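Shared between the two complexes below is subunit A, which pairs with subunit B and subunit C, respectively.
On to the complex of A and B.
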């Protein structure tokens, strides 16, 4: 296990292996996305209360759930970067921040569109919405922190600590709907029983969409990490060979 | 395995993270009342809301309580947590999801007569999604009769 872990420290090794994964990941994502989108937008039954509006769920829930994955991921990578000084881990922390900000913005926007149609307002300062907006600002702050520090090592340390501390907010976002009363609904409990609310006809297409967006998230992180590898290792011989070949 | 200086560094990180979690947890615990979006009708009945204060109240729209004017947008209804009621007066466009037996959050203040003068009405929806067929079958079985998402917690 430790040899595998130490091999991960080699950006060259990661660049090569991720290049082999990408076509498979992309194919799987397109498959899940195609089936999921068609199913969710055309065949999911209308909701007894919201009619067609609840189909926004099939965009909002995947995007929002993945926006919560960024800080824990950056915290793990940040810890690795702090403790083992692994360059690759810091690259992941760096590229994840703007991606996370985009996903958080999409979650807020899709939620707002859903909100105006069901709640009757774009925005309300309840626990869930406010804590997610805080996550957006934390990510913007992290991007600024990175670009403000010119010394790469100092930036890596600061951003790693920032991501560990920021992860606490994910717990707040997750449980905000249970700890306080909010306009946002609490988490839905899905069931395998088709005669009950939240049955398979609702959640199977949602699961497909969540998998599709998760794959998209993984692909995005890999692609931007590869970009970052090429940039940081631009003086390494293997990168020069790679560039001269293309 | 892990070298001692790395183990020490990991220890420091874990210590900082744990310390901050406790600090933030305690802060949120102290603030918990202020982070709530709305008061419940029971809290209003217990006198936690002063007349004239701008507040939000959340509850269900009591079945059979909605009276809307024929020639204007004026509407009266009672919002309830099935323990206490608050009478609400509102003039304006209601959200599509507004209906009897559904959750609402109303923003405004209590007038001297004890009626809540709402300047905004928001619809709250619960966490249950189903097709009209499933709903009809459940209603026929009487299974969703006790399904009130905004029952007071204590």
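On to the complex of A and C.
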């Protein structure tokens, strides 16, 4: 258990293993994405109220739900970096913030565009929308916090604490639709019954898209973490060898 | 079953062409950007590290060379 934990904390080990995973992850993502997008755009029946705008759901829902994974992930990595001073964990906290901002921005933008015709407005100060906007600003705040602190250890500590505290907002986002019943709809309960309007022909392509975007999330975190490893470990023997071979 | 009877109809998206296609366009930009940017950064990083390495090696050589010259000069001074 402990040898495993120490190996996982080793940037060199992570760099090597992730390099072996990347092609498979990318292939799987492209497969899910291709089937998901074609299915969503061409085959999903139109919604009896929203018409064909229901195609937006297949982008909005996966991106928005996975944008909620960033703060918990950073909080776990941040705790590991605080308690065990693991360098790799802090690298993950660092690279996750800008990626999370991308995810959150796309969730907000796609939701707005969806709202123009289905709600008749692109923005309201509804609980879900406001708390997601707050998440965007928290992530921007975290990026600025890191760039403001020159000392790497101080930045690691501050960002770890920030991500732990900031995770509270994820709970708010998640339950916002139940606490403040304003405009954003609550979570849908999908059924396996094909005769229902929320049956498999709606949610199977959604599931494919969720898996595709999840894989994309993992791939993008890995890619940025590998860059961060190369930079921070640039004086290590193995990086020097890798650089001279490049 | 395909929900559209013609390509034209598919593009029109039942009157929601702007909404649907702009969301899918943003999604494409998002996917491509978040793969290409780290890949470009990796190339820059490797190039930069390589450049620094060569510079450091050059500096090392220069110091050795000047130390050698200095030794030679001082031994020359001693002999005269």
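Keep in mind that, in the parts below, the second predicted complex is superposed on the first by the 246 of 246 C-alpha atoms of A that agree within 3 Å, B and C clash if a C-alpha of one lies under 4 Å from a C-alpha of the other, contacts with A are read in each partner's own complex, and residues count from 1 in each chain.
By definition in this document, a residue touches a chain if its C-beta (ideal position, glycine included) is under 8 Å from a C-beta of that chain, and two chains touch if they have at least 3 such contacts.
Predicted, not measured: the structure shown is a model, and the values here were computed from it.
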item	value
Side-by-side fit of subunit B and subunit C on subunit A, or clash	fit
Arrangement angle, subunit B at one end, subunit C at the other, subunit A at the vertex (C-alpha, nearest 10°)	140
Subunit B versus subunit C as contact partner of A:46, first or second or both or neither	both
First, second, both or neither for A:179, with subunit B first and subunit C second	first
First (subunit B), second (subunit C), both or neither touched by A:195	first
Subunit B versus subunit C as contact partner of A:117, first or second or both or neither	both
Least C-alpha distance (whole Å) that remains between subunit C and subunit B when both complexes are overlaid	11
On subunit A, the residue positions that both subunit B and subunit C contact, one per complex	45-46, 117
Complex contacts: residues of subunit C adjacent to subunit A	1-4, 10, 13-16, 19-20, 22-24, 26-27, 30-31, 33-35, 38-39, 41-42, 45-46, 49-50, 52-53
Touching residues (chain side subunit A, partner subunit C) in the complex	33, 37, 41-46, 51-53, 55-56, 59-60, 63, 99, 102, 106, 109-110, 113-114, 116-117, 216, 219-220, 223-224, 226-227, 230-231, 234, 239-240, 243-244, 246
Contacting residues of subunit B [partner subunit A, same complex]	1, 6, 9-10, 13, 16-17, 20-21, 24, 28, 32, 35-38, 40, 58, 94-98, 102, 105, 120-135, 137-138, 144, 149-150
Subunit B-facing residues of subunit A, complex	2, 45-50, 54, 57, 79, 82-84, 117-121, 124-127, 161, 164-165, 167-168, 171-172, 176, 179-183, 185-189, 194-199, 201-202
